[in-house]
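Common to both upcoming complexes is chain A, partnered first by chain B, then by chain C.
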Partner chain A sequence: MRKWLYLWLVILLGTMSLLLTGCQFKDVDRRAFVLAFGIDSVQKEEQGGQGREEGEEGEGKGKDKGKGKHSIEVSLKLAIPEGDPTKRNQEAIVISQISSSIPEAVRLLKSKVDKELDFSHCKTLLFGEAYARNNISEMTDWMVRRRDIQLIAYNGVARPTAKEVLDVHPKSERVPAYYLILSLGKEGTESPFIVSTFSYNLRRHLTEQGLDPVLPLVEKAGEDTLLINKAVLLDNQRVRAELTPDEARMFNLLTQRGLRTSFNVEMDGNIYSYNMESNWSKFKLVKSNKGKMVVQYTVGGRATLEDNTDAIEMTGRILRAVSKAASEQWEKDIKQFLVKVHGTGVDPFGWGLRYSAMSWNNATELEEWKRIYPELEFSVKADVQVRYSGMIR
Partner chain B sequence: MVNERYFYYLFTIQALINIVNFVPRVLIDNRFEGALMSILVSVVLGTTLLIIFTKIISHFPGEGLPEIIHDTLPRFVGLPLLCIFAFLWYESGAITLVSFVDITLRFITPDVSPVFAIIGFLLLVTMCSRLKTESILYALETTLIINCPLVAYMLIKALINPHFSWDAVMQIITHLWTIPKYNSIAGASFIFTGYVNLAIFNRAFKSLKLRHLWMIPLSGLMVLLVTLLVPIGYHGTIGVEQQVYTWFSTADAIRSEFFIVERVLFIFYFSYLAMSLVSVVVHWHIALELVKGFLMKKKTKGVKAASNKDWWTLGLMTAGTVWMGFYFDQAKLTMFGQWFLNVRLPGELLLLATVLVAYRRRKKRA
Partner chain C sequence: MPTKPNEQKMEEWLVEQLTGLMDFEERSLGNSGDIKMIYLRSLTDSDTVKRFIVVPSYEMDVQEYENYIFSFPGSEKTKDRQQVMEFVMKGYIFIRIKDSSYLFDAMKIEFSGISSSITEAIVQGPNDALTENIEINVNLIRRRYQSKQLRIEPLTIGNVSQTTVVVMYDDSRVDRDVLQEMRKRLSEISVDILQSAGELEKFISERKYRIFPTTVVTERPDRVVFNLAAGKVAVLMNTVGYAVIAPSVFNDFFTAMDDKIQLPLVGWFMKLIRYIGLFLTVTLPAFYVAFTSYNPEILKIQITLLIAGSRAAVPYPSFIEVVLMLLMMEFLIEASLRLPKAIGPTATTVGGLILGQAATQAGLVSNIMIIIVSAVAISNFVIPLNMMAFTVRVLKYYLIFFAATFGLIGIVVSTVGIVMYLSGMRSFGKPYLEIFPKRAYQGKGDKQHG
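After this line comes the complex of A and B, so read on.
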């Protein structure tokens, strides 16, 4: 009896190991890994020009949908597994397809490669600018609904189109599409201008009441360079406003801790630049005595002096004066930024969510917020402490 | 005979496994309609039931439910009762198993036929549920000791994520003052039901003097709050409703840059696979022993050896589970899981009443 049990156990383990392979019985060399996904919207007129490589079916589908208004172009950046990952001979392929829906486009794309498309390593999903200005619901639904696309993929808006951005092969890129992954995340560059957003986060911001998403803007800057230093604000469907690099950094300053960045401040005709070592920011909603709702930001951080244009000796008194000037500068800039964001009518910081989180009157809080929002006022209190003068005084 | 700490393992596995058994589903559906209040209610309710039951059953050292019933109740009452309990325990295991098969197919092997997955799991479970009661407890201990650190790691990772939205959590907390529904109380009290497993596992305990009982309501409350609020912190107060496998999607949103794999989902899957299977083994072992209890002629002390007749029972259970795996689609499975949670609470009260009556009758006789 016991002997049989062991035999059974061995058979069982054998079967289990077959069942639990993540690779669906297809070997790695028969797979094409999708590393980046791009989607663009296509105007009907352009279809003839752009869709030269598309078969009859692709164009037919676009027309079936009526006026071709909804037709989209899906671009995939594929990596083909090779032997030695340290060599820089890894070629990435970009394929694209025009169709009426994303799944249809992916099915059509499957006939353009000899291998099985594998989305499990797809870590970057880009929306073309025109697409993002129209409506991103279909795409965000698809990417969350599919089980094999990670929820920790990075999202971004691509300019001019997702296809062109994916087509760029930067010189520093050693593994296909790794450039986007490294720069949109925090593993590679830690640029203060990059607003990184995960899929689950985008999805949460889209569905939540009183919270709107923000996405980084990936621009094609040249033949083989990309530039990521702007961001776009969205409502629950489309892009509503664009942030300049300075504003994108300000956004990060207000939403992240420990942002690696530096700022300049001018005092008595001399420009001091200081580097942030730590920073924090929080806000609360307070009713002012005039009955209006005030968003009260308190921000601050510690910094070291990095540079001053006149090579002044930094005494404690001057450091304190610089800190004070820097705080005033922050208060002015941040307030200006907040007023601009408020003016666009979206809520990327979640003021509305905070209001409903703090209000115990659940029945009417949303209507209340709708009434309050247009009248919001802002106040900023900054406390920057430039504490060290670096290696020299 | 085993140490008293094994009682806590029985409690812990049930508390941790709630994620697979549709408890998050019902809590999240009611998040604006009294889920939090039902958590508080069920902590009180669950702890009370747990203390009463363990107090009573500790007067029957080394005896399981079939022995107790045979000894004190007439057969025409005892037999239907055993039938009902056996069915409930079987369903509890079967739901865990079927929903885990569903999760496996969704996340790990979408191209494999469900038959293979179900048969693989069933082989393991049926063979293990025939083991001795003590052996199952030892296996339970090992599984928990291996998996609890992983679960703790993932939980800490989840909570220290800067993208975790505490505002969304607060928004749910402000919905505290709402009268809870029966559904969500029945769902939330599920995590305290580890103690009912004593119905058979009491055979292995010489004495049950439980220390540190205050830990049970406290840890139960923590588990329930985590079950409800962590997915909300990741998917938002509105978006969380759209998730079918709430906790698996939450695990997918957790990212560990410098651990074995970046997607925590896979670590989460494997640790929950182990825990679910052990939990199913525990439940089916009880169901099997209860069925064997029908056939018991007179009071026999101690554990009976496994016999080949068990396979008839197990075969039936297997067939039922395979049928469930095929017949249920996503919506039906969720509905059935909810139905089970609703029925379970009265079942638990029935069990408590049975044991109480048995205790009274024995005391009168003595």
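After this line comes the complex of A and C, so read on.
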């Protein structure tokens, strides 16, 4: 009898404890999901902008000048959940806060919303251009350490500022900030001009010696349009150079397989454009007979001819000539691109990493590489095979 | 010792024992007065009594009549009081002819005819179900299993109900340990009334409190035959249209008799569907609780926002919402089971349509919840054997509890707990969670007899 009474007591207490939910138990409707995160630097009053670099017209906003200790502005894009799936758009709000540190800014932002901030769906983290040109290590450190930010998030540099980019609500966007995820992650568009970087890779490449990160550049191109077709090269803390759309595509061509893109080649005054079906690239570090280190790139691919401006009838001979011309074009362009990247002093392709992987002298290899790097030479060998789909007359 | 007083005494004793019963009959037969019969009217076939006992008694002399009675198959000459009592209670007629006592078989048997299987319906294949009469059941199985190795051992269980229980097995294939264990457990049963296979299942299983059934209870003779051929032991009972099969493994409960009939790939697919159904029905409500309250990061953004949006008007925490809705579903199932067939559809209409629709519109539960509850209910019914389907119905609450207290980790740990519990279970000494069980009998090419 006593035994049963005890059993009932346990069951009763168990059931009642389920009813007392406590304050840690937060249902999904009591959380505000942060879908995109942006960080900008705010001009400090004392320095009056002299410590800044170029490209900061849009930032600062002027209104927060005078608060000297404030240096960053954190903007969050929050989704307002909509239960009716037939409704076309999910609404979003952007809130921002100026503060001296990121955690502090997030704390302050908590009082601007009625729900618990939840970063678990934050899949885009943008650095304002001015911030990225200064130092992104504080932000990446916070991002890696914060447990609810998934490290499969995408990173990018926003121009003119992260806040302004987050404020853009593209018309095609059904879920807030999904535009950025779809395009930066290439889940939707597969534009060859977008360089996508996961945040775990960004963090690794920042700290890795001999391999530097690359980030896509997200530009505000109008009231409700975004443009992502450029990229920036970083050293181990800040942006060092910017790539044009063509260079961004070249970067993708050298780092990805099966890039979906097309190129043009001019031959005998006629422009042929061909669509890549497959491509590959590899590089070797070879000591030249002059004692200098040469980065030997071998690239290639298969393509189909899409059109030519003069409606020339295709024959095997012409196709071989087009292939040859295209290969030569590639060799020229890629070499030019590699020299430009080398000139900025960063190493997004991991030449240094390859060098240290190849050499056995662990103690001195990095210093050696620092000595070798400025003297690097490049050679490119391209092999593009252009085919033609055929035609029935 | 003179026999006559003894016989006289036996008769008197029997009359004494039976007096007071409403349907007790005592008659003198023939002209000599040497023949007396005692029987219970409700248990005997009155036509048999009249045609084969009463009428001939006036047509022949006592000696001839005695021989005549004894010539019937099933007739017995006896001196044992206990036996006489037992047989009279079964529907035999006690006949005293001069100095000797005879028992004459005039049992009246009322049973429902062979109907088609209801609880384990299949698409193609035999439809017969076991009846409530053991003779017919043995006949149904014998007809499908025409082997001289088929052994049938009768015994009686139940102090009051005196239920005939039959143990069937194939002598050349059966696992001896299991058979011994079965005989031992059956002989240890001591109850007054035994009238369902579920009770028998309870009495012969290892543990008193357990959640998973360790023996298959089936109403299909073809399943019994299939298992006999695999070297298992089947226990049939009189007055019950179900057979208990032992030993059983977990997988047996997910085998429908269709699987043999279907093409191999189709059969495997059906089995896969059943296991997916099991997984869904057990975990879906728990996952909903975990995802909405602890780990929304696992879902895609769209679904997270959809759940968040549809939950916006729901005042209670997710697990209360889930338990509320699941209870509603259980009531619905239970109600449509108990309702008379004619008003059965009303319950589904009222419960399913109106309640579901109204609950979401009133904001008591979210849209997603309705989908989950219906998915759970439907996937529960893909489990072919009822005992397991009921187990699974209970099991999901256990997972919900842990999901509500520990989130996703709770689900993982409690699932591991279930697997560990299943691994520890034994069915008649055989591991219960054996995924590829070795058959007790490894036949050449596994061909079925008969």
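Descriptive notes on the structure:
We adopt the following convention: the second predicted complex is superposed on the first by the 335 of 393 C-alpha atoms of A that agree within 3 Å, B and C clash if a C-alpha of one lies under 4 Å from a C-alpha of the other, contacts with A are read in each partner's own complex, and residues count from 1 in each chain.
We take it that a contact is a pair of C-beta atoms (placed from the backbone, for glycine too) under 8 Å apart; a residue touches a chain by one contact, two chains touch by 3 or more.
Note that the coordinates shown come from a computational prediction; the quantities given were computed from them, not determined experimentally.
In the superposition on chain A, contact of A:Gln43 is made with neither chain B nor chain C.
Among chain B and chain C, the chain that touches a larger number of residues in chain A is B. Of the two partner chains placed by the overlay, only chain B lies in contact with A:Asn362; chain C stays clear of it. Of the two partner chains, chain B is the only one touched by A:Arg257; chain C is not. Of the two partner chains placed by superposition, only chain B is touched by A:Asn201; chain C is not. By the touch criterion stated above, A:Gly350 is placed in contact with chain B alone, chain C being left untouched. In the superposed model, A:Asp118 lies in contact with chain C only, and not with chain B.
Within the superposed three-chain model, A:Gln150 lies in touch with chain B and with chain C [touch as defined at top]. On chain A, the surface touched by chain B in one complex and the surface touched by chain C in the other have residues 18-19, 21, 25, 148, 150 in common. Interface residues of chain B facing chain A in the complex, by the touch rule stated above, are 32, 104, 106-112, 116-117, 119-120, 123-124, 127, 162-163, 165, 167-171, 173-175, 177, 234-239, 242, 249, 252-255, 257, 262-263, 266. Put simply, chain C touches chain A in their complex at residues 291-293, 295-297, 301-302, 304-314, 317-320, 366-367, 401, 404-405. Against chain B, in their complex, chain A makes its touches with residues 5, 8-9, 12, 15-16, 18-22, 24-25, 144, 147-148, 150-152, 187, 198, 200-201, 203-209, 211, 256-257, 350, 353-354, 356-360, 362. Interface residues of chain A, counted against chain C in their complex, comprise 18-19, 21, 25-29, 31, 33, 35, 79, 81-85, 90, 118, 120-121, 123, 148, 150, 175, 178, 181.
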